[in-house]
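Pasting the structures here.
Next come two complexes, and both contain chain A; in the first it sits with chain B, in the second with chain C.
Let's turn to the complex of A and B:
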């Protein structure tokens, strides 16, 4: 799952990187929000570029909604600064900020029709009736909901409600669009379709967007950049493939996708390679590049399951190989996950792409196999 | 007790319950069509007591006073109750909030005699110090009724308001509506049914009140329950049966109408939702 998601994101990254970029269209400085001494958001600093889709990704309760609500103006930060397009907005009321939000529950006004919902903000802004009508029409076309203009929200399906909510939050052409768990209220089948549709619309309009989600697949598919949040703090910011391939810490490595963490110490620190001695392997791990560490430092070697090669016979390469016994197999269709127990007792996860329908080289329980990986397959983590 | 299989026991319990609740009313309705002056002896069908009722000017006047007070009470209670409910459900924690909520609803359990007496004492005191309310009448009854009705209305409205999705109000604010506009354009229309049922509740409570009215009424302001009570003490006239039957009819029609409207809306809603699901995303 993580592997496919990251490849989609990598493709997106190439397509998105050509526009001129303003590094700090949104600037969040030392933002903290306390509830009775409990820090829901803890000293967060972020820069968000113009036109990007920025995802706040974290487990439930890590403070991502609170951060989003500080941006929207529903919560007043205990301290910290927020600037949008060079203007400080912390002192502005929610109804004065050029920011609009799509709520997780959509929050469509139940007593108004689709048209009236989309036109609400325009009416509040004091636009003339015919200009409101024209803009509503434009937004309905954008989300392909013209047919449903006269319906009430409860007469719409979940996906249709989401389109209306999106149209409503885009009608005022906000400088910043906030999405709170945008797919949270949809069933699984609709999700992937709506994810791509939403990204399409947002990119077409070029609106800067901050979204909150606990679903890593969703963040990977939709976002240009992701911030990993944990206990109110930002742990890492990067593109989806950076987050996946170059996690900065054990926490991030384990949070995104699945990973084998091999604990060890730096044994030999050369300019062009490093060796790491780990108790769970007989051989030291050979890393094909220098690291910022010192000999004797405790580190973890993070190795993604799809980076490990599994085969019957001993591979020719001199290092980064180990023998083990297949203990468990999980078949996922696209790939199988093998749980391989090493002689030291450590269990490694290995992904195997099921490229052929009836692969003769597929393995079974209690097979003895050889695992191997390249010199640059894993990441050395110091924190 | 088996909830899935009604036995003879649960059937008879149900019958007994209904008899207990509605038999007295049924008898009252039947005797309102009695020819005889004697309340307990049936001598043939007649509408003459209804005719007498409408010729009794005192009774008509009392009904007018009652309806006027009930109407004003209901309106004032809904306004005050909505304000109290706003404070209870929408304001941030402030010192004494729990106490405010408790005090707001305390009149629900206060004996009416005490409420009536204390309000009377207040009026007397105000009359002595400020010269207000020396003439007791419709105004003083109205104020007293609002005092006890507002507690009921507050409970009805605040329970609706606390289950209202907060993000609706936040969404309106997000789209540029200030707090006043949010209240009048979003909150109020959505809780309107609760306001209506609160209004009806206050209206019936006020229409029906005898004890508190008796404390604070003046010579020119006899409400219908007071009139009924005093005339019954002179001896029960079948006229009162006729009056009671009319009131039962009005209340039943109002209750049925409310139920029917709500059921219709619910059915429509269900159908719409089915339709939306069938059409899919």
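Let's turn to the complex of A and C:
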């Protein structure tokens, strides 16, 4: 497939690091973890660059946490290699690895104050007392928690606990920082604020970071690259916009965001365009570029709801338009989602930006509308 | 009218709160006050064998508090020594219980959830047989021609039987054996609630397993250690049966002195004074315990 990923201004709010990129700072080779014959992680290979924030994204039970625990040293892989900065770490115990982790719901030591929590690793490393104190002070400043140094974790709010957990995991200047569901314990408002703040701190220090999350918004906001995991396997690795605009399979297309999948077969395979015959549309789909496929091949055309235009009158374009009936409306304020039923019975989701006030009043239930999309609006999926 | 009356009548809340208070009043406060009263009287050969505290002389009600019994306890080194010895034996027994009980509680808490209850059952199971029978069983094991000595002689480790029974060692064995479940249960309750991720966080920050234990698990189980220690120490101070049956003639414990005063000397006032002083000695550690417990609760609620 050679579809051009139309570079929509990325949902990725993170400036990419200018530091020289080392392609395989963390190298995972054929990593497998089995529990009683069940493969939690199934033959995973990954390269993670120095200084990037790499997200493992997947539903619960997909193996992302097990993979993270293998990196941390809490699980021993059944087989496979893990190298960090050119050194194999599989045989190293968790306490010998230059890796630190920010735990899900933080795992702060409840019997220690904020500064004792942050200084714990430094003390364990045998640093002199004044050097521990200096580093703790530095970390407290970094996360703006100086005022709370003497508090115990239970006296802090969720957001404050997270800052302490971050400071604790960064105090030892780890070569690799692991984040396990970093925003899992925060409410939604605080989440979006902390996401950017966390990324800001991590980028300022230039620390390489692997995070695990089930929240795609979180992965897209924070990560420079995302790996989609399912059933122990990596399904696709890419930047957030690549994953969204150029999914490699039906699974990824459906996993990230919402999508209309139109199943069909390649009818006409030309160099500069392709047509796909789908049972759910009267007209064949016109794709404005060539694909690596053959005539008669079963494919799916993945069309994101916001790429579809909805209007009352028939559009002038010759292809890629269809008539339907509005069956359901979900109003989200910023945009509305219309569930449009085609004459074949297929339902399409359409997003409509409410760019003008009261714009949503234009369409209502049982209206007959025309849907249309551009020649490069969708992605042809063969798997 | 009825509504107004109802305000003064005890409601459902009282029905819930009252029974424990009533229980405490009936079985703790009243006996305590009776013992306290007797401890301030003098011995007489009569029935009851003590003088009344109050007396009508003409029109005046005289209250005579006889402090002789308490002064006697203070002056007679036998009692002071018995108290000190009881405290010492109770303290050492508590420490031994902690050393034996902590690993057991820790191991049970780390078992898979399905087998924990079975393991706890095994800890409690011996208490289903009579306490006295279990002590007699220990006598059978420890005596000169008992199981242990015969076994060791058969092995060839020793030529002559070890004298264990009727020595302080036997008392420690008896107390540790009898009170071990009281140490294990509160410790288990505490340890089973520990979040394993805290240990992983400690490993992650460079702790070796034993360091993680000393710096995380041990301090976090403090409430369990205190609770278990109190449950062992308080009854151990007043223990009577074990020193009587397993200790030697020289095993001085306050429980035995109490028995002697009450049943052999028939000196109820002195016996009562012995009991009151013992109670005071026990209340102090209990208050410490309570203080720590409420502090911990406050900490959690804050």
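As a convention for this text, the second predicted complex is superposed on the first by the 365 of 383 C-alpha atoms of A that agree within 3 Å, B and C clash if a C-alpha of one lies under 4 Å from a C-alpha of the other, contacts with A are read in each partner's own complex, and residues count from 1 in each chain.
Just so it is clear, a residue touches a chain if its C-beta (ideal position, glycine included) is under 8 Å from a C-beta of that chain, and two chains touch if they have at least 3 such contacts.
Only a predicted model underlies this, so the values are computations on that prediction, with no experimental measurement involved.
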Superposition on chain A - do chain B and chain C clash or fit: clash
Contacts of A:294 with chain B and chain C, given as first, second, both or neither: neither
First (chain B), second (chain C), both or neither touched by A:120: both
Of chain C and chain B, partner touching more chain A residues: B
First, second, both or neither for A:172, with chain B first and chain C second: both
Partner chain in contact with A:193 - chain B first, chain C second, else both or neither: first
Which of chain B and chain C A:358 touches, first, second, both or neither: neither
Contacts of A:159 with chain B and chain C, given as first, second, both or neither: first
Contact residues of chain A, present in both the chain B and the chain C interface: 72-74, 93-95, 99-101, 103-104, 107, 109-111, 120-121, 124-125, 152, 154-155, 168-169, 172
Chain C to chain A touching residues, read off their complex: 195, 197-198, 200-208, 211, 215-216, 219-220, 299-300, 302
Touching residues on chain A, where the partner in the complex is chain C: 72-74, 93-95, 99-101, 103-104, 107-111, 120-121, 124-125, 152, 154-155, 168-169, 172
Chain A-facing residues of chain B, complex: 165, 167-168, 170-178, 181, 186, 189-190, 269, 272-273, 275-277, 279-281
Residue numbers on chain A that touch chain B, as the complex places them: 72-74, 93-95, 99-101, 103-105, 107, 109-111, 120-121, 124-125, 152, 154-160, 168-169, 172, 190, 193-194
